[in-house]
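Each remark here refers to the structure printed beneath this line.
Which chain is which? They are A, B, C and D, in the order written, and residues in each are numbered from 1.
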């Protein structure tokens, strides 16, 4: 159905945009092992994006020729990389969500189940990676603790959106919210950090990526991603 | 003495020297210099290509490029590990890189100005690297030789992908074809310089050949590379920017023009188009990562203590 | 006492209060609060528009936008100077802004998501600002009133340019028209909120009106703005996103829908879409500039000394 | 003639690209007065660019639809803003050059003379602005001295290119080099700084913006500048 396709496309947008953000790290990670790990995660996400977008159209037309408001990714994934703590906080919030989501999709069967069953294994690694770093940064030095807490707090307002109902998905997203919160809280607590207390969504009603409304930095992300493709209309690469 | 004789015999017999074996200090120093330079080249080499990850013009190409840059980070890891078997730590090597006291391949001091440069690097730079490195798979030092086996396999994959990228551009629109030709024009000569100075001007070559760290002279390898590239360029439909390039029936090889070694020396001296930019970016990434590495170390120490 | 009586008489007679005149502490405090907020709004207000300078789609539009952002910096300068006549320094005011102890207009906590937002800010946000500010040209405090005369003249120029930008989009391609409509949809309600809470909930209004710092109530000005915008929207060919908007023959004014004051309060509390981003960017720019300001001060001190 | 048009276009590209770089500062300057000043300089340059480009074609087609290698600006103007000292060093080198160049163009008459006569006054202000800041930073604090020297040194290798002969310009650019060096040296000396000693051009023969070869950051500058225009082919703004 149209709604199912739109839902698949929204998940594809999530994966694509986060892959793009992680791709910005290449060569600049704090240790060489993280250059490998972050690129690895980016590649998994890019693979998921390609599968999901291809289910609903031509992957390159979708990635390169849509305007900003036609992307339906959550705002969390488009948030700038910031320092390594911000990237890890974004990974923690998103990978726990994605793991729950893909597990539910795999369990329920249907068109997305094969992708979800494969992706849930990849995402388990992403989540483990984010957890390990949350522990190290939270329970590392005073500076790393401060930065990690600040990162968790700063992105918290983009987490509520993850659990807004998504038509056509066939998964009850709001029902996953509590489980997500418990899993995140458990890691955060082990890391000697505090689960943020502020609002978990922006109060601005229109502020939801799922409705095609994004944040200022997303326009620049798209400009960079799409420029070359758009500069050569109709070319094959 | 006896140790030296044993070492020489092992090298002569094409046996591998292993980390616990005795080896002459100069052999060790030569290996450290060469392997460190090689490792540094992998990590600095990520920059010119990573420059295009966010702008790759199709998702397929983006995935291929990401995987390639990831492989380079991986090669860096193998090579630093292999170098550590000689008793120097990665931190120490990185400090020397950042201080400008150890080198990386000069080729990465050239910029990637267009998407086609990603293809030209794959075809020409990786191609030259493979030509240099395949003989290293039989290098006398075991850990280096084994690292090279793995690396060469992946590099030849990258080289084919770069070639295929250029082929798609060459057969694409006029603008794409021009982009490919421009990239080849800019990368051809620097690639030839990757084999190092001419044999009569090469400082370290003779001893390295005797030690079987090196197995062919710079000029031999350069000739091999030229002979491989010429027919490939024809299939690509691209011109190599050398009017003197032609088949020499007598030698059974291609003659080629005179290389501008003054440019090579200038880039080596730090005056290439991107020397400062590359090193500065590396230092910045390293400095920005200090608090992260400190945190990981502090965490590990706490949890070792907790378990003890 | 006599001073207060003199002050009250001057205000009643519509004379200007000047910096050297005696004034009640509360009058001074109210002015500082309002003028500082106004100055801060000019400099924070540069951010959402500057966001599009580098991406403006024609050189003519780029020049117009640059000139506008420059004017805003200029307005900031006048207003800080005018505020300094009340005995507070710009540095002090900036410190209070950066510490979150003084406000700027909440409207700048909304993002500029597309190029059309530049037009919507000009038409609606500058339009609302002018409606608010024109009466301030007759404000009882002289330096503020004079600054507003100059500012209002430039603002009305900006407002016309914004309108014209939207008109070009509205009459352009379907995608451009949609972009314009989307921007108006997002900016309309926040613009109405710029006039502040309804009269019955406005904390400072009565005293400010008595002092002739303020001359019309929030709801009066809001109504005036709505009545101006409705016919302009028709000419633009764009819809204002309020189903309850209609002409009320009896009142001789437009009725409009209920404003979501809970959103206003949330944004005021710091939870708007961009509050943190705006303040953080301002702080970063200020911090990055510290060494420059220190250098200028050191240079000035040296050369004063040299001349003395 | 074709060469004269190409030369005018190259000068227009210089002004356009530097205006774009200066436009990146808007809102982020170290003091509010500099937000005004830098934008003012950017506006002057943008005005010069529009006049020069319009003499050789449609200003927007030229600005928005050319590829990187079709821009013939010197590499100096495309160098990233860096810190305020780098921006000032770039302004100093370029404004002294532009003042000499426009004065020569105004004196010689011809098609570019009216523009040059107007622009030389603007550029005198740009040069004065750069000089004043060079003095303050050079002779300010230890930190500002260090940063300013570093900025002068870092950009020096892009100054030689300014004086490469430019066909069709009708001004003997190499002949202006010595005067430029003297003027720059005088300011640098008053600022207690040292005129850089290294090579004043990159040894890479192909490294000249006038031949359409640029530096890595230029591609990103163009992507940002041109994206929106290219995303709406044929639209009017």
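We take it that a contact is a pair of C-beta atoms (placed from the backbone, for glycine too) under 8 Å apart; a residue touches a chain by one contact, two chains touch by 3 or more.
This structure is a prediction, so every number in the text was calculated from the model and none was measured.
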Path length in the contact graph (subunit B to subunit C, fewest steps): 2
More contacts between chains, A-B or B-D: A-B
Where subunit C and subunit D are represented by their mean Cα positions, the distance between them in whole Å: 34
Overlap residues in subunit A, where contacts from two or more other chains coincide: 67, 223-224, 227-228
Where subunit B touches two or more other chains, by residue: 55, 175
Chain contact topology (line, ring, star, complete or other): other
Touching pairs among all chains present in the structure: A-B, A-C, A-D, B-D, C-D
Parts of subunit D lying in touch with subunit B, wherever the complex brings them together: 67-69, 154, 157, 198-199, 202-207, 213-216, 218-219, 223
Subunit D-facing residues of subunit A, complex: 67, 220, 223-224, 226-228, 230-231, 233
Of all residues in subunit B, those that touch subunit D in their complex: 48, 51, 55, 110-114, 175, 182, 186, 260, 262-263, 266-267, 271-274, 276-277
Touch list for subunit A against partner subunit B, complex: 16, 20, 23-24, 26-33, 35-36, 39-40, 42-43, 46-47, 49-50, 53, 59-60, 63-64, 83-84, 135-137, 139-141, 143-144, 147, 224-225, 227-229, 232, 234-237
Residue numbers on subunit B that touch subunit A, as the complex places them: 43, 46-47, 50, 53-63, 66-67, 69-70, 73-74, 76-77, 80, 90, 115, 168-169, 172-173, 175-176, 281, 284-285, 288-300, 302
